[in-house]
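After this come two complexes, each holding chain A, first together with chain B and then together with chain C.
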Partner chain A sequence: MNIDSSTYTFTQKGTTGRNALIVGVIFLIVSAAGYFMNSAEFFQSYLIAYIFWLTFALGGLFYTLVNNLFGSEWNIVMRRLNEAAMYSFPLLAILFIPILFGMHDLYHWTHHEVVAEDPVLSAKAGYLNITFFIIRAVIYFSIWFLLSRILYKMSLKQDKEPHDDIILNMRRFSAPGMILFALSMTFASFDWLMSLDPHWFSTIYGLYIFAGSFLAILSFIVLVSINLRDKGILTSEITVEHYHDLGKLLFAFLIFWGYMGFSQYFLIWYANIPEETVYYLERWEHGWNVITMLLVVGHFTLPFLLLLIRASKRRLSLMKSIAIWIILMHAFDIFWLVKPNFSEGLTFSWMEATLILGIGGLFVWNFWNNITSHPVLPVGERRLKASLNFKNN
Partner chain B sequence: MSEKVLAVLAEFKDPADLLHAAEKVKDQGFKKFDCHSPFPIHGMDDAMGEKRSPLGYVVGVVAVISVIGMFAFQGWTSAIDYPLVLSGKPLFSYQAYGVASWAVMVLLSAIVTVIGMMVLIGLPRFHHPLFYSENFSKKVNDDGFFVSIEADDPQFEAEKTKKFLESIGGKNIELVVPNEED
Partner chain C sequence: MNKETEAVYDYQVPLITGNQTFSSITDRISSITESKTTKEWLLLFGLASSLMLLLFGSIGYLVWEGTGIWGLNNPVGWGWAIVNFVFWVGIGHAGTLISAVLFLFRQKWRTSINRFAEAMTLFAVICALVFPGIHVGRIWVVYYFFPIPNQMDMWPNFRSPLLWDFFAVGTYFTVSLLFWYTGLIPDLATLRDRAKTKIRKVLFGIFSLGWRGGNKQWKHYELAYLLLAGLSTPLVLSVHSVVSTDFATSVIPGWHTTIFPPYFVAGAIFSGFAMVMTLALIARRVYHLEHIITMTHLENMNKIIMVTGMMVGYSYSMEFFIAWYSGNPYEAYAFINRAFGEYAWAYWIMISCNVIIPQIFWSRRLRRSIPVMFIASITVNIGMWFERFVIIVTSLSRDFLPSSWDYYSPTFWDVSLLIGSFGLFFTLFLLFIRHLPMVAMSEVKGVLPQANPHHGHNGHEGESK
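Right after this comes the complex of A and B.
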């Protein structure tokens, strides 16, 4: 893989994308065998793996929107990385189809005989029914696809014909885009995750998923930047100063994640109403407390204390380890949200691992295609120079 | 005239000049010097060779002590000193202590940050000797960029330091001495 150092375009695409595609396809085929062995377990694992990778794209979309709105300079050197991660909704829309086939295994409100006997589910049937579920999914993907496509195209157009109007247009487009994103993200997490237990409800649920998504994309950007640096790309462009700021954002959103998780827990614990507390009871008994405590310590306390120290945000090897750790914890977080709905005791399935690798292979392949097809820095951006020279004070 | 010289003051043309001057003063080995400008200048900390403030560590210690202290205090009041069952929960309901522990940690850290900053930068004080200079008093909040080297710097020798500041491009160089009225 080579890069033209003046235009920042790739002259050779390298093998990373192809390797990721091969890994993805192999693991998806292996997982498909699991479908014939135990289809219910397959769909549960598929949902975990799918939501896990979806959150990276959603986090990327949010990051792009928020960058446009705030117009900050430091992150412009990494803009192409989160744009490339964001622009994966066509792929993710296709990968959503298996969930539609697995609806009967995943969502028990899809069974008419169960709903008929259950007054709560009957009352919710106007929202929780298969037709409306599919319509909503189409709406979510349309919003995400259109937002990401328009923003990506605008950003790419800037490379060829730099014009200050584009910055302004991106900002104008991002403001209503942010509202659409917030609503679609919240309702999507209600539909796809919270309705796994259709009796239970929490209004903060969408924000909790969103907090995890943003952590995922920030860690992803750290990993990709360091990976590119190892390949000799953007070594002098993305500097310690940029990693430092990524570390600060990671730190802030770790606290935000903890804040969301604790707020949800605290209100439910305090009110002590059985229809709400069942959520935490399911996640405490029969071995699940291990994962719950792992999230408290591993997803919040440990990285919080590490990132509190200035020096650790400026040491790339440590930032890399923290990023890998947070992504791993994020996977456990999604696992913890989904799995207790189906399994009383703590169990792992080999398909969770293979499907995360399988879908991840396709995601990385798509990401790598995006990255290598366009200049890796937004070369037409007026503020690029300021971003390159950025320093923390 | 046997007035005590308090510092040497030199004026520079613009922020860039001031930045370069700061580097040269630092390279010359001066320790007790300062730069004055109407607004913050990017990169000045590096140019002056300023070390990072130790305040973070002080606040860190206070934060740890206060979060543990407040947690323990709540546990002690509700489980030991005045046991009272609230909404049927156990006496030691640690879940509820997080919020107040966090809030007290933030409060005490903020107070210590402000007080610590004041102590470290030498505030409050009512007057600074540099304001004996009329030129400095008039310009420093408007369009003047100054370097001052204080007399208690080990390398300080009034005439030599004056020459040095001249050699790095300083204008309107003056020795700061107390006013006649004092």
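Right after this comes the complex of A and C.
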């Protein structure tokens, strides 16, 4: 693989994308066999794997929006990595279709006879019904696709015809975009995750999912830029200073994630109302406490302590391990959100692993296509030089 | 590039205007504390301290007579006093946010406003602490609040959010005070060096702790400042999160909802910024600080007000949606009652002031209009006061037993305590701007172009292509 050092365009795309596609397709085929063995388990695993990868794209969309609004300079060198991950919604929209076929297995409220006998579910049938669910999904994907496409195109246009107005337009577009993003992300998390237990509810749920998504994309960026560095790309452009700042952001949002998770747990625990506590009870009994505690320690305490130290944010090998670890914990987080709705005891399915690899293969293939098709640095950006020379004070 | 359009790059906007030099900044800010007391100040001080007397008088009568003088009834056992407490604690959030969080975010524009925002924080927290104190009724046993060993072996309930309040607000006040004082030290030394009278020399000499402005001192100072900023940041979130648990740990419909901690924090920042804005606009006008607190500062603050207003709006809509979605009739009733019941007027004041009015800041012209932002900053605080009123009173007035439902109306003493608390706040604030440097001189100098080591060589640092 080669890169032109003046224009930052790839002269050869390399094998990463093709390899990812092969891995993705093979694992999807393997998982498809699982569908014929146990379709309910297949759909549960599919939902976990799908939401897991969706959060990377959503986190990326948020990161793009917020960078445009803040006008931050330090992370311009990594903008393309983020944009390439964000621009996955066409693929993710197609991959959503199996969930529609699995709705009957996944969502209890799609069973008419159950809803008819349950006054609580009948009361919310105006929101939780198949037609409206699909309409909403179409709306969410349209919002995400349009936002990501327009923002990506504007950013790419800057490479060819740099103009200050583009930065302003990206900012102006991102302000209402952020509102649409916040609402669509919240309701999507209600629809696709919270309604797995249609009796249970929590007002902070959307923020919790958002917090996890942002951690996912930040870790992904760390991982991808270190991977590129190993390939000899952007070795002098993305410096330890940038990793240091990414580490700080990661640290801040780990705390934010912990804050969201704790707020939800603590208020439910304290008030002790059975219709709410059932959520944590399901995630504590029959072996689930292992995963719950793993999240407390592994998703928060451990990376918190590591990232607290300045030196660890500036050591690339450690940052890489931390990023892999957080992504792994994020997968457990999604698993923890979904699986206890279906399985009383803690069980793993081999399809969870194969589907995460399968969808992940396609996600990385798409990502690699995006990243290699355009300059890997936003070369038309006037603030690029400031970003390249960025130093932590 | 057209000057009328927005600036794309931070360095295109000079933070401080009017060709200031290091000495002109020092003169401009220090002279406020050194010159003769102005008539305007005396007038404002007279007004504020009269209101403060109203507060003390009302507290005196309250202690004599008991909390029966308030409009509290059964079931509304928490009325204006708690509304005021939460209101003032909320106001107190902007100071630390500006000094700590914006510092960590490298937002250099904070330097013109951080000092008096921090002072405002301290005074707002003092006003807040008055209310739980006087709410106990028997004020002579107020020490029951505190976890202090006593011969009766009586301890406050450690599982009570009211005790956490005590810790959270107490910690916040202590750390904010230290942070504010640390920031003041170089400026106090400046005042000491300029002092003409013996008493000023001695007092500023003591409080500037022997500051000489040496290289080593600055190095230590900046490290201390960074550490304090790091320590204060979690406090910005924790204080109002803990205040929110006063409500959210209960099982009262409309109080118990999981979004409360971040929702209260966003609301606190929202109201705090609005209060900073109100005060900044007045101080800027009275003391001619237009070159130091520029339109850029004001516009940035308006953006933050708009964003936090929308976060609050997000929380309102989540509460409303989930109240319906939960299928819980009590929860749904609480919200329908808020919007359409006896207190609908308060609810719609809240929605208009907090969610609708801040939307005017989408327009750049309105974001940069002084009269508009002045009025908006006041309506935001009206709205935020009503938010706490709506939360506390509507939920309590409709408890689970319809036979105990009642309407709450404030009495004269409720009103006098609220107005009086503003008197206390403004009295302290006026004393502060008269006697201490209200803008962080040393920090403002740091963002002047002259402070850039490359100044005069290659133009601006980041502008090179």
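For the reader, a short list of remarks on this structure follows.
The rule is short, and it goes like this: the second predicted complex is superposed on the first by the 393 of 393 C-alpha atoms of A that agree within 3 Å, B and C clash if a C-alpha of one lies under 4 Å from a C-alpha of the other, contacts with A are read in each partner's own complex, and residues count from 1 in each chain.
To be clear about the criterion, a contact is a pair of C-beta atoms (placed from the backbone, for glycine too) under 8 Å apart; a residue touches a chain by one contact, two chains touch by 3 or more.
Predicted model only: the values in this text are computed from it and were never measured.
Per the definitions stated earlier, placing chain B and chain C onto a shared chain A by superposition produces a clash between them. Of the two partner chains, chain C is the only one that A:260 touches; chain B does not reach it.
When the shared chain is aligned, chain B and chain C each come close enough to touch A:270.
In the superposition on chain A, the chain among chain B and chain C reaching more residues of chain A is C. When the shared chain is aligned, chain C comes close enough to touch A:382, but chain B does not. When both complexes are overlaid on chain A, the residue A:203 reaches chain C alone and has no touch with chain B.
By the touch criterion stated above, A:168 is placed in contact with chain C alone, chain B being left untouched. In the superposed model, A:391 lies in contact with chain B only, and not with chain C. Common to the chain B-facing and chain C-facing surfaces of chain A are residues 266, 270, 393.
For chain C in complex with chain A, the residues that touch the partner chain are 1, 5-6, 8-10, 106, 234, 237, 241, 245, 248-251, 256-262, 310, 314-315, 318-319, 322, 324-328, 362, 462, 464-465.
Taken in their complex, chain A has these residues touching chain B: 262, 265-266, 269-270, 272, 308, 310, 391, 393. In the complex of the two chains, the chain B residues touching chain A come out as 42-43, 45, 52, 56, 60, 87-89, 95-96, 98-99. For chain A in complex with chain C, the residues that touch the partner chain are 71, 73, 119-121, 123-124, 127, 164, 167-168, 171, 175, 179, 182-183, 186, 190, 199, 201-207, 255, 259-260, 263-264, 266-268, 270-271, 273, 275, 382-383, 385-386, 393.
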